[in-house]
Amino acid sequence: MLFKVEMDVNVPLDLEPAKFEALKAAERAYSQELQQSGQWRHIWRVVGRYSNVSIFDVADNGALHDILTALPLYPFMTIRVTALCRHPSSIRDDDR
Amino acid sequence: MLFKVEMDVNVPLDLEPAKFEALKAAERAYSQELQQSGQWRHIWRVVGRYSNVSIFDVADNGALHDILTALPLYPFMTIRVTALCRHPSSIRDDDR
Amino acid sequence: MLFKVEMDVNVPLDLEPAKFEALKAAERAYSQELQQSGQWRHIWRVVGRYSNVSIFDVADNGALHDILTALPLYPFMTIRVTALCRHPSSIRDDDR
Amino acid sequence: MLFKVEMDVNVPLDLEPAKFEALKAAERAYSQELQQSGQWRHIWRVVGRYSNVSIFDVADNGALHDILTALPLYPFMTIRVTALCRHPSSIRDDDR
Amino acid sequence: MLFKVEMDVNVPLDLEPAKFEALKAAERAYSQELQQSGQWRHIWRVVGRYSNVSIFDVADNGALHDILTALPLYPFMTIRVTALCRHPSSIRDDDR
Amino acid sequence: MLFKVEMDVNVPLDLEPAKFEALKAAERAYSQELQQSGQWRHIWRVVGRYSNVSIFDVADNGALHDILTALPLYPFMTIRVTALCRHPSSIRDDDR
Amino acid sequence: MLFKVEMDVNVPLDLEPAKFEALKAAERAYSQELQQSGQWRHIWRVVGRYSNVSIFDVADNGALHDILTALPLYPFMTIRVTALCRHPSSIRDDDR
Amino acid sequence: MLFKVEMDVNVPLDLEPAKFEALKAAERAYSQELQQSGQWRHIWRVVGRYSNVSIFDVADNGALHDILTALPLYPFMTIRVTALCRHPSSIRDDDR
Amino acid sequence: MLFKVEMDVNVPLDLEPAKFEALKAAERAYSQELQQSGQWRHIWRVVGRYSNVSIFDVADNGALHDILTALPLYPFMTIRVTALCRHPSSIRDDDR
Amino acid sequence: MLFKVEMDVNVPLDLEPAKFEALKAAERAYSQELQQSGQWRHIWRVVGRYSNVSIFDVADNGALHDILTALPLYPFMTIRVTALCRHPSSIRDDDR
């Protein structure tokens, strides 16, 4: 099942740089693992913001919640979830 | 260049059904042509709404404006455009 | 899968009363059929408004979209969908 | 009487982990006690957020206020209360 | 039980004056009957607006919904309901 | 003259408990003195929030400003003031 | 007593020009009469909008309500009222 | 040229009282000097808030910016500027 | 003096095409005349919307109001005006 | 390609003055370099705010993101990006 997930990251100004770098590295590894598995279908950066627009394809709502709350940067994120489904005009087999 | 485009359609309640069907058929044909050409990269339906979330990949801002204002349902739409770019964590070659 | 669905109904002031009654009867029959099948798990009225708060339990996002857009009063509704999942503190087996 | 209660939890980033765990355990125990008594009728998690959607069935407004302000996590919560009543189309005897 | 109810009235500009006067007379009679019975405890006009702030004291949520949706001007109203309870600092016996 | 005043209290999480208790006691004494004098006509608690809805009856705008800014909890409050006047349908002599 | 009053005028596109001119003339005459009497202390136009910012000095809230609802253009207006009082730094005797 | 300027002051709770008093004294002196020169035409307090509504009459936009950013309390302020002009119905020669 | 002016155009769906074309031609001629005179310094289209972002350079606030309210499409526009001034980092002599 | 970029700067009250001055000097140098290169086409100050309105002309979305996130004051900024294109009524060759 498909969801648009929008994540805004607000890191405190006094977060220790080494800790921040470690968190970003963990976030990237975690994201890429989920992209490999096909659950995190797309991720794009929003121009001018520390935000992304993503498309997830997950087994169910609970699976999405577990994935999102395990994000290394989750404590610093505001997340908006929108349920999507196939558009009748789509010609792409995998935009289901 | 990539853009997230969100379209909400609000058709007047008294729109003549035959005219509405013709508009929707034209919209679908127009959308599929742009999907074929690669400019309209993705389109999904928002659950419970007459709205879509789309990703466009166009030559420049002016090209996107021309595409959107030529949509057959454009007079009934509210459109929000967000500039996107490649996310450093993305593993998909075509999410650039 | 569980979703909170909030529906606000705005019927035009000049809607013909007989047509409105027919729509409300159809809406009620349709809702009760879905309640019987277990897909429309709960429905409550919001005090002082022509709105409801509902809980749906459906196979997937597409099923929810099909159910909602087939509501007899759908053309007069504004709908907000929120994806839910089981709360770790819940003691009710069927609030999954 | 029925109320939809929506709770968003915002815990400070520097809350001591042991204190946070103790608060969550107390919150769970308190919630389950009220679920057992029938006053906290339903609780669901909102996907991607530290938030819940709940349905309370209480004797009166004052009882609801006393229950909510005694939540162990209350100092970290933003709470929205919406008065509900039975929907005329409901077929469930206990959605009154 | 106590509720703050805020009502905004938006009457269409082309409502027939005689019909509007009849509706206002019916609204006044209905309001005064409920004030007499004690259910509509207070009503004030908001300066510069066709709006009121009211306090209701009703048996339960369902009673309030029935009262509000039977208002003669209800089809032209936007209504916001807020559940209240006794304030611990209040010295008035009847602000319970 | 009548005003609806809505007060939301946001006390910092690290406010010293003894200081907070002293402030609340002072707030209660101050409020009750103004209730006795008839200037603070009504006060109700908003269910689930550290907020109140109040009705003031004061000599003029300046008197209301002086009363509100002298509230012991004023530094922690967000206050919204709405000018009210007698409603033509009111039957209560003192809701003027 | 002083109030800031902000008025936005939204006249329907199909209002008959002669009727509109008559309304504007009546509005101007009414406004100037109140300016002469000292109750409508100031009026300014908001650049680029059919809106004004005004300062009223009236005996009480009820007087302001009566003045505003008698505006010839009132049926087309959205009005926001803000209670003001003398600022301690003011050096103008009449900004009381 | 005329501008409505609305200033909200949010001073941190832990601002040292002596420093706060010094800032307020400087603010008052600065404001009164500008009132004397005719550039700060009016200032009123908003009832119940640490906010003011002011009217400035300045040579140009740059002059207003320089005046506002030099306010002693500027670092604690949120400021909204609205361009005004003479209202055709005004009878006051100096509300130009 | 410089202002950012943002204009959104909402033309009724049933506006007669010939009348609409005439209005647009008049709008273009009027805009180009003001661009020639240097008062309408810049105009850009917002992608996907019938909106523009413009920079005006006018003698004073009143001149801007007169220009904007004389726009042929003014009755269909929502306009937002923001006062600008020279930025200390600007290197362009004419962005003053 | 053209973009309107609006930047609001919110610097913490306790930022060390020397560090703040250094950041501002770096910001100015960086901005002027980009103005020289033609990518930062315009910059104006918003009256009364620590905000600017800018026009960028960049090769693509990614270039804009890289420019903005490298701003020395970026960690203290909220940025809004709006895609623009040439307006059909523009007479300026370089407002493309």
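Letters A, B, C, D, E, F, G, H, I and J mark the chains in the order given here, with residues in each chain numbered from 1 onward.
Here is the rule we go by: a contact is a pair of C-beta atoms (placed from the backbone, for glycine too) under 8 Å apart; a residue touches a chain by one contact, two chains touch by 3 or more.
Heads up on the chains, UniProt names are A, B, C, D, E, F, G, H, I, J = Muconolactone Delta-isomerase.
Values in this document were obtained by computation on a predicted structure and should not be read as measured data.
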Fewest hops from chain A (Muconolactone Delta-isomerase) to chain I (Muconolactone Delta-isomerase) - one hop per pair of touching chains:
2
Which of these, A-B, H-I or B-C, makes the same contacts as H-J in over half of the contact pairs?
B-C
Which chain's mean C-alpha position is the greatest distance from chain H (Muconolactone Delta-isomerase)'s?
C
Chain E (Muconolactone Delta-isomerase)-chain H (Muconolactone Delta-isomerase) separation of Cα centroids, rounded to whole Å:
40
In whole angstrom, what separates the CA-based centres of chain D (Muconolactone Delta-isomerase) and chain J (Muconolactone Delta-isomerase)?
45
Centroid of chain D (Muconolactone Delta-isomerase) to centroid of chain G (Muconolactone Delta-isomerase), CA atoms only: how many Å?
46
Which positions in chain C (Muconolactone Delta-isomerase) are in touch with at least two other chains?
2-3, 45, 47-48, 61, 64-65, 81, 83-86
Chain touch graph shape: choose line, ring, star, complete or other and state it.
other
What are all the touching pairs of chains?
A-B, A-C, A-D, A-J, B-C, B-I, B-J, C-D, C-E, D-E, D-F, E-F, E-G, F-G, F-H, G-H, G-I, H-I, H-J, I-J
Residue ranges of chain G (Muconolactone Delta-isomerase) touching chain E (Muconolactone Delta-isomerase) (in the complex, touch as defined):
3, 5, 12, 61, 64-65, 68-69, 75-76, 79-81
Along chain G (Muconolactone Delta-isomerase), where are the residues that touch chain F (Muconolactone Delta-isomerase) in the complex?
1-3, 60-62, 64-65, 81, 83-86
Sites on chain A (Muconolactone Delta-isomerase) touched by chain J (Muconolactone Delta-isomerase) in the complex:
13, 45, 47-50
List the residues on chain J (Muconolactone Delta-isomerase) that touch chain I (Muconolactone Delta-isomerase) in their complex, please.
2, 4, 27-28, 31-32, 35-36, 42-48, 52-53, 55, 82-92, 95
